[in-house]
Amino acid sequence: MEITVSRKAHFNAAHRLHVNEWSEAENAAFFGLCNNPNFHGHNYDLIVSLTGEIDPVSGYFVDMKWLSQLIKEEIEDRFDHKNLNLDCEEFKTLNPSTENVAVVIWQLLNKKINIKFKHLKVTLFETERNFVEYNGK
Amino acid sequence: MEITVSRKAHFNAAHRLHVNEWSEAENAAFFGLCNNPNFHGHNYDLIVSLTGEIDPVSGYFVDMKWLSQLIKEEIEDRFDHKNLNLDCEEFKTLNPSTENVAVVIWQLLNKKINIKFKHLKVTLFETERNFVEYNGK
Amino acid sequence: MEITVSRKAHFNAAHRLHVNEWSEAENAAFFGLCNNPNFHGHNYDLIVSLTGEIDPVSGYFVDMKWLSQLIKEEIEDRFDHKNLNLDCEEFKTLNPSTENVAVVIWQLLNKKINIKFKHLKVTLFETERNFVEYNGK
Amino acid sequence: MEITVSRKAHFNAAHRLHVNEWSEAENAAFFGLCNNPNFHGHNYDLIVSLTGEIDPVSGYFVDMKWLSQLIKEEIEDRFDHKNLNLDCEEFKTLNPSTENVAVVIWQLLNKKINIKFKHLKVTLFETERNFVEYNGK
Amino acid sequence: MEITVSRKAHFNAAHRLHVNEWSEAENAAFFGLCNNPNFHGHNYDLIVSLTGEIDPVSGYFVDMKWLSQLIKEEIEDRFDHKNLNLDCEEFKTLNPSTENVAVVIWQLLNKKINIKFKHLKVTLFETERNFVEYNGK
Amino acid sequence: MEITVSRKAHFNAAHRLHVNEWSEAENAAFFGLCNNPNFHGHNYDLIVSLTGEIDPVSGYFVDMKWLSQLIKEEIEDRFDHKNLNLDCEEFKTLNPSTENVAVVIWQLLNKKINIKFKHLKVTLFETERNFVEYNGK
């Protein structure tokens, strides 16, 4: 019996959309307000979903205490109350678009996820109206 | 790296569930309160989801400004503050059930979506408790 | 010990903002899209709040089963899946603006509320972003 | 045209996570606060999703009145305001983890679902932050 | 400049509505399903609001870290994953209706609140649709 | 008949909690993570509430188109996608705590509000769990 278990978390961060290889004018034209050199910010909501088999004895597929602790250590402690562009190695050269932030979160979590959790998916809300999903494919 | 990007929008509209080929009694029996000849209405919430590859330079798969503008022009301007049965060509002969409204929205958006966005899905909430998803399959 | 108890309910209705004494042009200019002669509609969310003393024996101020039944009989059965302008006596000559709908709901409930419930307040959401509060003062 | 129609419902219940075959110490270590012998409880939110073809005449795939009535009879009447461990046959020997509750709900609904509804999925929220999805595979 | 600062928290608990002085039949008739002798449960959402003056130097009226820690120590650690009737001294003889739980929370917090915070209000949601407010008056 | 009309809006901004008169160590000790010199950010939700009399002819107290346009011009255009500390004159010397941001928003709106709207209140959510209310008293 394959089941998907999801845990919701969040973090607050500043960022700026900017491609280093482009001129200031190109960046401003492409990213608009999101290119503000002084940064803006978001309350990011994150849903982490794992798919696998229920253990027939415990009735658990995933221990939520373990999953929420993993998200805290790998994602919240790393990104919460940070400037993604200035404070975070992951985005020193990578533009912190919602798409890229979601992929980086997936990669950070995937390294720590045991082989038995076959499918890892992350859903990242930049705002209530804008969100992306990435599952490593 | 394939990613799904979603944008939430909304519109307010009146409608009546009614099949022209059926008698009044058949319509009333089948659709109940939703068949009120004077119409009722909803705040529709719409989520438009596109799946494709992240551009490695910009870090964007979809420009949210473009997507929200597309939804405004194709869907909100067409259906917001309208009577779906009386004001909208799409539902002159087609019953505006949530299922049919979702399919029509998918078809209207799909005409304007570039080939590179492989998967288009729409999720339409008629109320917080009733919603449908359609992806063109 | 004075406490306020609130119950949330909802109903879906069509309406048109229109003042009978004004010309079509005046109505269109003043109410814009909300003046559509074919109506539009909303999912109305309603919060009914009563203030009074907790009964020291039962620990209840208000029995929620009674309050939710009262709202159903007086408000939901009257307005749900209706056209406020055409189907409802209350709005035959009164413009169904959110303000007026809230006042009418307050008046309908207040007639049925026992003297011991000193303060009655209604909060009516026309959309998630637009709402009004009325307490009879 | 294949479409997915979803209906949201809810029920409030008490439960205790406990494996009868384990010692008290093992249960306490594994389940932590969720093993409280006096139980704790939740407002469960449930989303039931069915996938199939739209009827070309009525424009319905699923009649929401039928679906909400089915969920009421099969799930809400059975579990609402109950103690899952003590009151419900389904969990007399099965640990009522969110995973197991979701599977039981799927099985109860699936028995009543006609063959034409090809895919049944349930999404069960134990809290706003913890939820599971099960589709019978 | 007087301002109100609010912090949202939550806890999950089991309870049973029951008045010890009443017969089983009287309790069952009055409280209905909420009188289940085996208990049921809720995800309680709690909003704690304090009113007072902004400190002109720090720009803070209340330090949210202090307030969230206070709520954790006084309320969440006491009631989360508990059976209110069996595990909590406060409800050994007091019926844990939403009204009474809100008053008890107000009293527990008020003992720890400094005189400078003139107004303390608690808003307690038993479900998304049922909630009470108490401010000590 | 006095009524309160509310409109919800939002903006995304970066900020840093910092008192210029304090040392770096004092700021870090007092504000913790919120003192990050590289800033962090939020999706701010704003509710603007006005209280006054319903116009007996139009049924409006406030024209929502006017109110939402006022909020856009005075608040959203000023703060959205900005760094409150670096980009906004209002917070060059004033610490952008939630309390202070709410007061500044109230002052900016109050200058533009006609005398007939007697009571202006703003509710500002820094996160879903932290919010403040200010009404000019």
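Per-chain numbering from 1; labels A, B, C, D, E and F assigned in written order.
One rule holds in what follows: contacts are C-beta pairs under 8 Å (C-beta built on N, C-alpha and C of every residue); 3 or more make two chains touch, one makes a residue touch a chain.
Just so we're clear, the structure is a prediction, and the values are computed from it rather than from any experiment.
Participant: Given the touch definition stated above, what is the smallest step count connecting chain C to chain D?
Facilitator: When the steps are counted carefully, the minimum from chain C to chain D is 2.
Participant: Hey, which one of D-E, A-B or A-F is the same interface as A-D, over half the contact pairs lining up?
Facilitator: Checked against A-D: the matching pair is A-B.
Participant: Which chain has its C-alpha centroid farthest away from the centroid of chain A?
Facilitator: The most distant chain relative to chain A turns out to be C.
Participant: Could you find the chain whose CA centre sits the greatest distance from that of chain F?
Facilitator: Result for max centroid distance from chain F is chain D.
Participant: Sort out for me whether A-F or E-F is joined by the greater number of C-beta contact pairs.
Facilitator: Most C-beta pairs in contact, of the two: A-F.
Participant: Between chain A and chain E, what distance separates the C-alpha centroids? Give it in angstrom.
Facilitator: Result: the chain centres lie 34 Å from each other.
Participant: Just the number, please: Cα centre separation of chain A and chain C in whole Å.
Facilitator: 42
Participant: Using Cα averages as centroids, what's the distance between chain B and chain C in whole Å?
Facilitator: Each chain reduced to its C-alpha mean, chain B and chain C end up 28 Å apart.
Participant: Which positions in chain A are in touch with at least two other chains?
Facilitator: Touching at least two other chains: 128.
Participant: Draw the chains as points, connect those that touch, then say whether the picture is a line, ring, star, complete or other.
Facilitator: other
Participant: What are the touching chain pairs in this one?
Facilitator: In this structure, the chains touch in these pairs: A-B, A-D, A-F, B-C, B-D, C-E, C-F, D-E, E-F.
Participant: Given the complex with chain F, which residues does chain C contribute to the contact?
Facilitator: 17, 19, 21, 30, 32, 94-100, 102-103, 128-134, 137
Participant: How about chain F: which of its residues touch chain A in the complex?
Facilitator: 10, 12-15, 33-34, 36, 38-43, 80-83, 86-87, 127-128
Participant: Going by the contact rule at the top, pick out the chain C residues touching chain E in the complex.
Facilitator: It is residues 1-9, 54, 57-61, 64-65, 68 of chain C that touch chain E.
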